[in-house]
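Here come two complexes built around chain A, the first alongside chain B, the second alongside chain C.
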Partner chain A sequence: MAIELEDVWFVYPNGVEALRGISLTIEEGEFVVIMGPNGAGKTTLVKTFNGLIRPTRGRVLVDGVDTRDATVAELSRKVGLVFQNPDHQLFCETVEEEVAFALRNFGFEDDEIRRRVDWALRTFGLEGYRDASPLALSGGEKKRVALASVLVWEPKYLVLDEPTLGQDYAQKKRLRELIRGLLGDRTVIMVTHDVEFVADMRPRPRLILMSGGRLLADGRAEEILTDPERIDMARLVRPQVPEVLRNLRSLGAPVRTDVLDVEEARDIILSALEVGRG
Partner chain B sequence: MPIIEIEGLRFTYSGSRKPALNGIDLSIEKGEFVVLTGPSGCGKTTFCRCLNGLIPHFYHGDFQGRVVVAGLDTREHEIWELAQHVGLVFQNPENQLFCLTVEADVAFGPENLGLPREEIRRRVDWALRATGMWELRFRAPHELSGGQQQRAAIAGVLAMEPEVLVLDEPTSFLDPAGAAEIIALVAKLSREHRMTVILAEHRLELVAPYADRIIVMEEGRIALNGPPEEVLTSGKATELGVGIPKVVKLHALLAASGLRLSRVPLSPREMAELLAEVAKDWR
Partner chain C sequence: MSGVLEAFAFHRRDSVLHRLDPRVKMFYAFAMVFVAGFVFSDVSPFPAPPGQRSWLLPLIALLIVQGLLATLGRVGRLWARTLRASVPLVLLIVGLNLLTLWWPHRTLSTGDIERVLVLAVRFLVFVTSFSIFTLTTSPDDLSLALEQMGIPYWFCFMFRAALRFTPVMAREARITLDAQRARGLELDKGNFVTRAKRYIPVLVPLIVNAITRAWAMAEAMESRAWGAGRRTSLYVLRMRGRDYLALLVVMYGVLMSIYVRMLVCFPLILPYVASFFEGLL
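Moving on, here comes the complex of A and B:
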C-alpha cells in the first residue's frame, strides 16, 4: 500500500508549471518531510495526494487507485490534509461541530462520532473550547482545531502543510511529540521550512527537497540537512550543528560534519580537542 | 536621553477582561537592536502597537502608564505624527502594500506628509536603494515574492525616515533564506543609520547574533531583559519555552564536560572560532 506518483506534471490555468515530472513512492508507515523554497510546488504536490489537484500529465495512485477515478471525498477518507492556513479550513460555528463535521460526512454512527470527538478534543487540549467559535481562537489554537478535525477520522496518510508556521517553541515541541506518537500506526507527510524542527525529530524522517516543480533530493534527513550545497539550493537555512563542525573543519580540526545531534557534536568536538592536546 | 521610555504600561483591549500588557517599565537607547520574544499570546504584538500609537488611538481599551517615543508622549500625539518617528512593519507584507507599483507604495507616506516634491523623490530613492528594491520599483507588489514584498513594506516605512523601526515577526511568511535576508537588511540599517530596532521574533537562532538585547515577555510582563548571552543561558528562558539556539546548547554541553569558552557563541562561525582558540592553546 502506498501513494505513487508517476511522472506527474501540473500546469495552472495561468501557465505556471507547478509540478514538472515528479515520480516518487511513499510507502505506508513512512515518515516523510518535504522542504523547498516558496513557490517550489510543495503544496501543489500534496494536493495531488487527495485529488484536490489532478495531474495535467502522469498519474497519482493511492493504494493502487488512480486519483482521476475517485472523488476527493473518497480519497480524503485515506488521505487527510491539514492546510497551512487554518482559516482556509475552519468554517463551522463551534469547535465541536468543526471536529465532528467530516465524521458526519463519512457517515459515522452518532455514538462513534461522540467518542471520537471527545478523544480529539482531549488530545489537543481543546475541551475548554468545545462551544467556542473556531474563528475566535488564537492562531495556535486554530491550528490545533484544524489538526484535530482531520486526525479524528484516522486517515491512513496524514499530510501536514507547514504545521509549525507562526508557532512558538513550546507549541512546536508539543507538535513534535504528537507527530512522534502517530508514527508507526500512520504515514505522516509534512511540508515545512523549519530546518531545526526537522533536525530535532526522532526518528529522523526521509527528506524530499523540491525546487521549481522538480525533486532536488530524496534521502535521509541526516544526509541532506548536513549538505550545505543542497540546503542553499532549497533556500533553507543551514542547521547550526553541522555548520559549527564545518567551520571547525575549515579551521583545521579533523571532524566529521554529517551530524545534526548536539550531544554527538559535543563528543566529536571533545575527542578532536583531545587529539590536539596529545 | 533614551529614545523610548515606558513607565507602568498596562493595556486591556475593549471587551476583554484580561490585560494584554500588565505593568511594563522599559527604556531603550538610541541605536539599540532589541529582540522581543516570548510564547504566543504573551503581548508582543500589543507592545509593538503601543510604540507607534496604534494603541491607544486605533485599538481602544483601558490604557494606563506612559509611552514616550522620541520625546513624544503617544497619548498626546496622533498616529500620523508618530509615524515620522516610529515605523511599524507587520507580519504579512500583503497587508501593507496597496498601490499599483512599489514606488507608489513607498511614496505614499511622504506624500501624505505634504513634503516638497524633491524631498519626496530623495526619500523614496534612498528607501528603495537601502532595501535593494531599486530595480523592482516599477513592479506591482502582487507580482513580487514574499521576501521582496516585505522589503517593499520596509522601504515604505523607511521613507518616513523614522528613528525607530519596529518589526512584528516580519519573516513569518517567508522561506528561511528570505527570512535571513530580511534580518540582515534590518541589521545593516540599524548599523549604518544608527536606527533603533525593536524586532519581535520566535526564531532566535536567526536574530540573536545581531541583538544588543533580548527581552522575553510572559503574560503581558517583561520576564527577562538583558544581553543575548545572559538571557539565552538563564534557566528561566528554557523554563519559559524560549527556543534556545543550538550553538548555545552546544556551548552548555561542552561547559558541563569541563570545556570553557571565553564567551557564549551566538552563531556557528563564532563557536568554531572560540573552539579554535582553545585548541591552539592545547597544541
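Moving on, here comes the complex of A and C:
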C-alpha cells in the first residue's frame, strides 16, 4: 500500500508547468518531508495525492486506485490534507463543530463523532476551547484546530502543508512532538521551508527536494541537509550545525561535516580538541 | 463563479485600445448602452418608421462590432469568455420571459420568441461593452479617469480597491473550496437547497477574510497618511489626437445608429431563419 506517482505532469490553465515529470513512491508508514523554494510545485504535488489536482499527464495511484477514478471525498478518507492557512477553512460557530465537520461529511455515526471529537480535542490541547469560536482563536490555536479537524478521521496518509508557518518556538516544539506521536502507524508527509525544524526532527525523515516542478533530490535528511550544494540549489537556509563544522574544517580542524545533531557535533568537536591537545 | 470574475479582470497587454484614454473607453461603454438600450429599442426618444418590427438584426450587428473591437484590443478570447460566463444569466432572462409570454394564452408566436431574443442580445451588448472597457483599462487608469472627472478620491480609491481585490478573492475562493473538499465537502450532491447550503463553508471564510483584510488595509493606509489633506497626482491624464479621433468615431457611430433607426425598417428575422431550415429539411 502506497502513494505512487508515475511521470506526473501538471499544467495550470494559465500555462504554468507546476509539475514536470515527477515519479516517486511513498510507502505506508513512511515519514517524508518535501522542501523547495516558493513556486517549486510542493503544494501542487501534495494536492495530487487526494485528487484536488488531477495530473495533466502521468498518473497518481493511492493504494492502487488511480486518482482519476475516485472523487476527492473518497480519496480524502485515506489522504488527509491540512492546508497552509487555517483562515481558508475555519467557518463553524464552535471549535467542536469545526472538528466534527469532516466526520459529518463522511457520514460517521453520532456516537462515533462524539468519541472522535473528544479524542482530537484532547490530543491537541483544545478541550478548553470546545465552545469557543474558531475564528476568535490565536494563530497557533487556529492551526491546531485545522490539524485536529483533519486528524479526527484518522486518515492513513496525513499531509501537512507548511505546518510551522507563523508558529513560535513553543508551538513548533509541540508540533514536533505531535508528529512524532503520529509516526509508526501513520504515513506523515510534510511540506516545509523550515530547515531547522527538519534538522531537529526525530526520527529523521526521508527528504525530497523540489525545484521548478522537478525532483532535485530524494534521500535521507542528514545526507541532503548537510550537502551545501543541494541546499543552495533548493534556495534553502543551510542548517547551522554542519555550517559550524564546515567552518572549523576550513580552519584545519579534523571534523566530519555530515552531522545535523547538536550533541553529535559537540562530541566531534570535543574529540577534535583532544586530538589537537594530545 | 470565478469565471465571471475573471471575465472582467484587467490583463496588461499592449494594443490601440489599451493606449486610449480611459475616459474615451468609458464614454464608449456608456454610448453602447445608450445605443442598445435607447436607440435600437422600443423605449426611445427617437421615432421609428412605420412597419418597424424587430431590433434583433441591429443588436446582433452591435455585438459583432464589439467582438471585432475586442480582437483589435487583443482581448478577443477574454471577451469571448465574458460571453460564455453570461450564459446562465441569459438563459434565466430567456426562460423567465418566455414563461410570462406563454402563460396567458399557453401559446408562443415566433414574434414572441424574437422579442425575447432581443432582450438576451441586448443584455449581452451591455455586459460586453463594459467588459471591453475593464479588460483594456488598468484599475489605476480607471481610478485616475474618475478622479480627474471630479469624483471624490475616497470613492475612486474604493472602486479601484474593489477591482484590484477581485482576482485575490477568486484565488481565495479556489483555495477555500479545495480546503473544504479535502475535508469531504461535496458540492454537487443533493437538490438545489442542500447544494446552496453546502456553499456556507466556502462563503464564511471568504467573507471573514475579506473583512479582516479590509481592516488591515485601512490601518496600513492610515499609517501612510491617507486622508491627511489635498492630494496631488503623479500622473495627469491628457487627451491626445488619437483620443479625440476615437471620441469622434464613437459619437459618429451613435449618430449613425440614430439615423439608421429613424430610416430603416427592420423586419422579424426568425420567420426567415425558420423557413431557411425548413428548406434544408
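Here, the second predicted complex is superposed on the first by the 278 of 278 C-alpha atoms of A that agree within 3 Å, B and C clash if a C-alpha of one lies under 4 Å from a C-alpha of the other, contacts with A are read in each partner's own complex, and residues count from 1 in each chain.
The criterion applied here is as follows: contacts are C-beta pairs under 8 Å (C-beta built on N, C-alpha and C of every residue); 3 or more make two chains touch, one makes a residue touch a chain.
A quick note: this is a predicted structure, and the numbers were derived from the prediction, not measured.
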Does the superposition put A:Leu121 against chain B (first), chain C (second), both, or neither? neither
After the superposition on A, what does A:Leu45 contact: first (chain B), second (chain C), both or neither? neither
Kindly classify A:Val262 by the partners it touches after superposition: chain B alone (first), chain C alone (second), both, or neither? first
With the two structures laid over each other on chain A, which partner does A:Ala102 touch: chain B (first), chain C (second), both, or neither? second
Identify which of chain B and chain C touches the larger number of residues of chain A. B
Could you tell me if A:Ser149 is touching chain B, chain C, both of them or neither one (first, second, both, neither)? second
May I ask you to decide whether A:Leu215 touches chain B, chain C, both, or neither, giving the answer as first, second, both or neither? neither
After superposition on chain A, the chain A residues reached by both chain B and chain C are none
Chain B to chain A touching residues, read off their complex: 38-41, 91, 145-146, 169, 172, 174-180, 202, 205-206, 241-243, 245-247, 249-250, 253-254, 257, 259, 267-269, 271-273, 275-276, 278-279, 282-283
Of all residues in chain A, those that touch chain C in their complex: 47, 50, 52, 71-73, 76-77, 80-81, 83, 85, 87-91, 101-102, 105-106, 135, 149-150, 153
For the complex, give me every residue of chain C touching chain A. 172, 175-176, 178-186, 200-201, 204-205, 208-209, 212
Residues of chain A touching chain B in their complex? 37-39, 138-140, 165-173, 193-196, 199, 232, 235-241, 243-244, 246-248, 250-253, 262-263, 265-266, 269-270, 272-273, 276-277
